[in-house]
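These notes open a run of structures that come right after.
After this come two complexes, each holding subunit A, first together with subunit B and then together with subunit C.
Then we have the complex of A and B:
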């Protein structure tokens, strides 16, 4: 056993696709910030592993946030720190900004990437949770240069599982622009510490209201309470057309969100606690 | 001598700050000796099992492996406070940290690979993980070497009593009885455990580079384990990355490393990974405390009756003696007419507990301060008033025989009440999601060492060189707490020298004089007094010669700026010149002196009565918190700390101890726990062991109380453990006040808060 692995560091998108193609019959993994990957390799070292290091890639689509028709494209290699520096992300998609803001620590945020957060497919991925609430779509590219698009909500198929095939890599995500002027957007992270904390329960919300403050669009996603991050369709539908909720409606709304949860007990918290808290913060969302 | 102090009481950056911040400090991990091998330890797979066989043949054959040892290969005495701990286990393993075999190899990687090749066959057994179960009649005996004279599975008991308990009970208007549960916690030293052992077969000498807090006791204990002459063991302490009590015992990895070096004739180094550190370092004792206490109709405390069951783990560390400190709090924090305590340390198949900053006192204080709040509630009294009413006072000799010559407790309580605006916050209206409130806690701790060993002293040797530079060779140890700095400041003050004229040597048992170790908040007090004594002797040597050379009277001499001058005239002489004169002129003497300071404290009698410390430190804290009733999260907003430190020596170092201690106390109160299930550690990493981070640190407002204790150097008392001791209690009191619940278990996790709220609302529903 050893912690050794080969490393390949493509510089351009073409080189990257060529490296993926050349490694099809080998054991390889992508590494972006490495903040999940290295921990995983330490826990379960692998023989004859090649790490395809994405950190040196120069490609602007992978690396930047740009405005495109109908939305914003965020490259897979954009770091949490770069998300925080982006003014429009903050004003338009506050839930994403706040998720990035609460991720790990200042140091980790400088290297942890949006793509890594999605591809690691953890039920407690904070950026992933916000992107689900935002109805974002993943842009996946294969060795032939073909692009396909999958909604972030369908991207993860289970704990540490995604729809990505061996000849594919996540290139970017597209977040649709807001269609309404007023926003109620944010990210609630429940844990015991303010930094370096893995969500015990998380809730991303992005609610859009028209000029009369009537809710026209709602995106609410919950994390760490099921094997994958859940988009809470029925709770979102419940809000459409309303502007304020009365007490009983708030409880009903919280119940609808809780229906999507099937939490487990682990070293961080019990299932009981997760359910209780999810209900409470859901109730608090529309106070 | 307090008239015009130039250095004492003024902020002084740490003496070793430059070395540390520029990466030049040599930690144990940085040591590399020529020909050095790397050691690794194979630990058991099960917390409780019979070892059927150990096969090391494959590991021995791996290229690069120099030596593999098991219990069969070594001739060792058992270690630990009760000599109940074999360093390598055969026959039975009794907890998940148990060491079965060890390897020395050319690289760390090869050593770790070799561990994987060792084949151990186990017969798993049902372990006992709850001390109350260990005490049941049908329980099996956990440690076959347990003390013969104590009942099955009992490692140590303490019994203490003063006053007339029955009489005091009859005087009580209210009596409160509660059980408190306190958790295990780990020191989380940033520098993980390490040792480099270098055995020289030609000279039969062993040099150990290690982070012990008690180098001279360690030398003796290691020698006993290794069956060696203690004088042939030299202990060198490299820069230590955190102690907090974790390095008070000899732990098995240390003799194991020595054996590997003795077997191979080469230096061997063992460095713990963080995982190993969490798994294999001794924890703060978890315990259940049953505390009954009373107060009369005026709110005066009447008695405390205490029963403690402590989880000792599989072996007995020094930490088993924590009741020694705990009983001081039960018997003497606040005026206490009667007190009775029994404490039982019980073997379980958990990793063994050890000593930890505060030494049982955070646990004891938690129970005492929670009970006080409950007594006040039953009496309908103000919680600050009841504490002040019962405050200790200067001159008091407590039921345990401790003599509080100075005592700043009342003043400390008044300060935190005033500064925190306690009056306006104590009964805040509680509604809505976020609720705020305040809690109080006080503490008493030894401030002038603690005589639990036959000597609590420290030696100092001083050398003035011909260029006027002073070398302080002190028995005391620096573990990051800043003792070197305080000692340098004392020398600067008394000898009139600048910082660059002072050297400190404190890390080599072949060189330094004896000291009992760095613990019990004792170093500034004991080593400071020892240094003052040595300086006195040095001046007895220098001053007569200087006076003669200057033609003035001795009593007129002033040591200042590297000179000795006359207070009455402008005659002066350079200090180095006097040193050279002593050396070169008959009768030819070097300016070198030695001094040993033994504090005036007493070794206590069999009933634990006596004035155990040179002086006593007191503190009060008020802590304001906000509870999120949706998540159960408790946010500490502000901490007000007033502490009787005797006299501030280095305000910067003191502030560091206070802030560090308070943060440790908040961790103890809210987040930190070594979680165990069936003998396994569930959270052996920083991800799930919730050490607080910088973002969690609240405002800490510190107010030193100076009582100028006659025993302390310049009037100082020990300060280092105190700030952690009442913190968890004050937090739990605050949360209990806010929610109208009882938080009697630590840590106060969000889950426990929500549960407590839920139980309360279910109870009220049932009552309605």
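Then we have the complex of A and C:
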């Protein structure tokens, strides 16, 4: 079998839902930027495949970042490059900005989408990891136009698996606004090459402090060390009400984060190396 | 299916397959061989071209999605009134070309990034320039001279 497929290129959201409805008994895949999909189809071609090409969709919800009640809505087709050009994302959600900044290369950031990063459901998805730390929610739409909302943390159910059903498509994500003025937010990625690579370990953190620098909210997510990206609940809870961590607390905190990891050894790194790196970057996080 | 697009300033219509990759349209369909096939996996950047002014990997881009858009390849960099673009001149001046396999892709990335900086009125520092070239591999030069060339294009 060779690399080949049919294509449907809906231009509006209504056309998209109609195309999905018309293909329910057929083998189809969505294509957004195509940076994961085309590689996959080149390596493992599929028979009688239709690619539902999202790249020509003109729908503003799918394609833009807007302020909504309680947060920012980011369309599934917003590219990593567009995330970088958005001033409020940079000032409010630096972890997301930094994840997009270190994703692949300039050429790939130009086309790679937020929705593609989530739906490809890789444990080392950088944008997905930042969105988990930010408590973002996915907005999924079905062929009837009905919308449901799922937290990004629950969106992926395993490597390359998501909660999306065959009659659904990811439309957007909503990132809740910050409730505190002081932020400690960023994205740490350790790889054998800095960008251009799925990480060996990644860690997204978004910590909010009140005027007295007491931690009120904490979101920390880790990637590439388990089959799915993990929100580190107990480590986040450990920080609430504290402001600075003393040495022993930092070790305890790093241990709590590491508890969520179940790394494997692969071509990029051994499980032992991943664990060590994760522990050390976690310890350094609250210095 | 038939698509209409602009290539290096000229309007064209071309019959393609739904799954045709942009690199194949450019090299085989349009016979423009300056765009290089390297890894075909988005890693090396040899296949970099501009779509509406932005650098992308043509090996991971569907040809159908250039419909109505404007493509620039290395063949289109210079133009009517000048033989070489400033990007090419600076690459030569700084000795950033050895075997040349990566060069067309490098030139397109430098073009895209330097144009964006100019549009934003920004003069990038060395780290920023180097970061903009992370998607282009070179097996010969060791990058220093290429980054030097890119910096001088960006106005330093």
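Here is the rule we use: the second predicted complex is superposed on the first by the 287 of 287 C-alpha atoms of A that agree within 3 Å, B and C clash if a C-alpha of one lies under 4 Å from a C-alpha of the other, contacts with A are read in each partner's own complex, and residues count from 1 in each chain.
To be clear about the criterion, contacts are C-beta pairs under 8 Å (C-beta built on N, C-alpha and C of every residue); 3 or more make two chains touch, one makes a residue touch a chain.
If you're wondering where the values come from, they're calculated on a predicted model, not measured in any experiment.
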Touched partner set for A:212, first subunit B, second subunit C, both or neither: neither
Subunit B versus subunit C as contact partner of A:179, first or second or both or neither: neither
Touching partner for A:51 - first (subunit B), second (subunit C), both, neither: second
Touching partner for A:105 - first (subunit B), second (subunit C), both, neither: both
First (subunit B), second (subunit C), both or neither touched by A:248: neither
Partner chain(s) touched by A:280 [first = subunit B, second = subunit C, both, neither]: first
Touching partner for A:269 - first (subunit B), second (subunit C), both, neither: first
Overlapping contact positions on subunit A, where the subunit C interface meets the subunit B interface: 105, 194-196
Contacting residues of subunit A [partner subunit C, same complex]: 3-7, 9, 31, 34-35, 38-39, 41-42, 51, 53, 55-56, 81, 104-108, 110-111, 194-196
Partner subunit A, residues of subunit C touching it in the complex: 17-19, 21, 40-43, 45, 48, 54-57, 60-62, 64-65, 67, 109, 112-113, 131-136
Complex interface listing, subunit A residues touching subunit B: 1-2, 105, 190, 192-196, 198, 267-270, 272-273, 276-277, 280-281, 283-284, 287
In the complex with subunit A, residue positions of subunit B that touch it: 109, 113, 116, 433, 629-633, 670-671, 675, 682-683, 686-688, 690, 692-696, 749-751, 754, 758
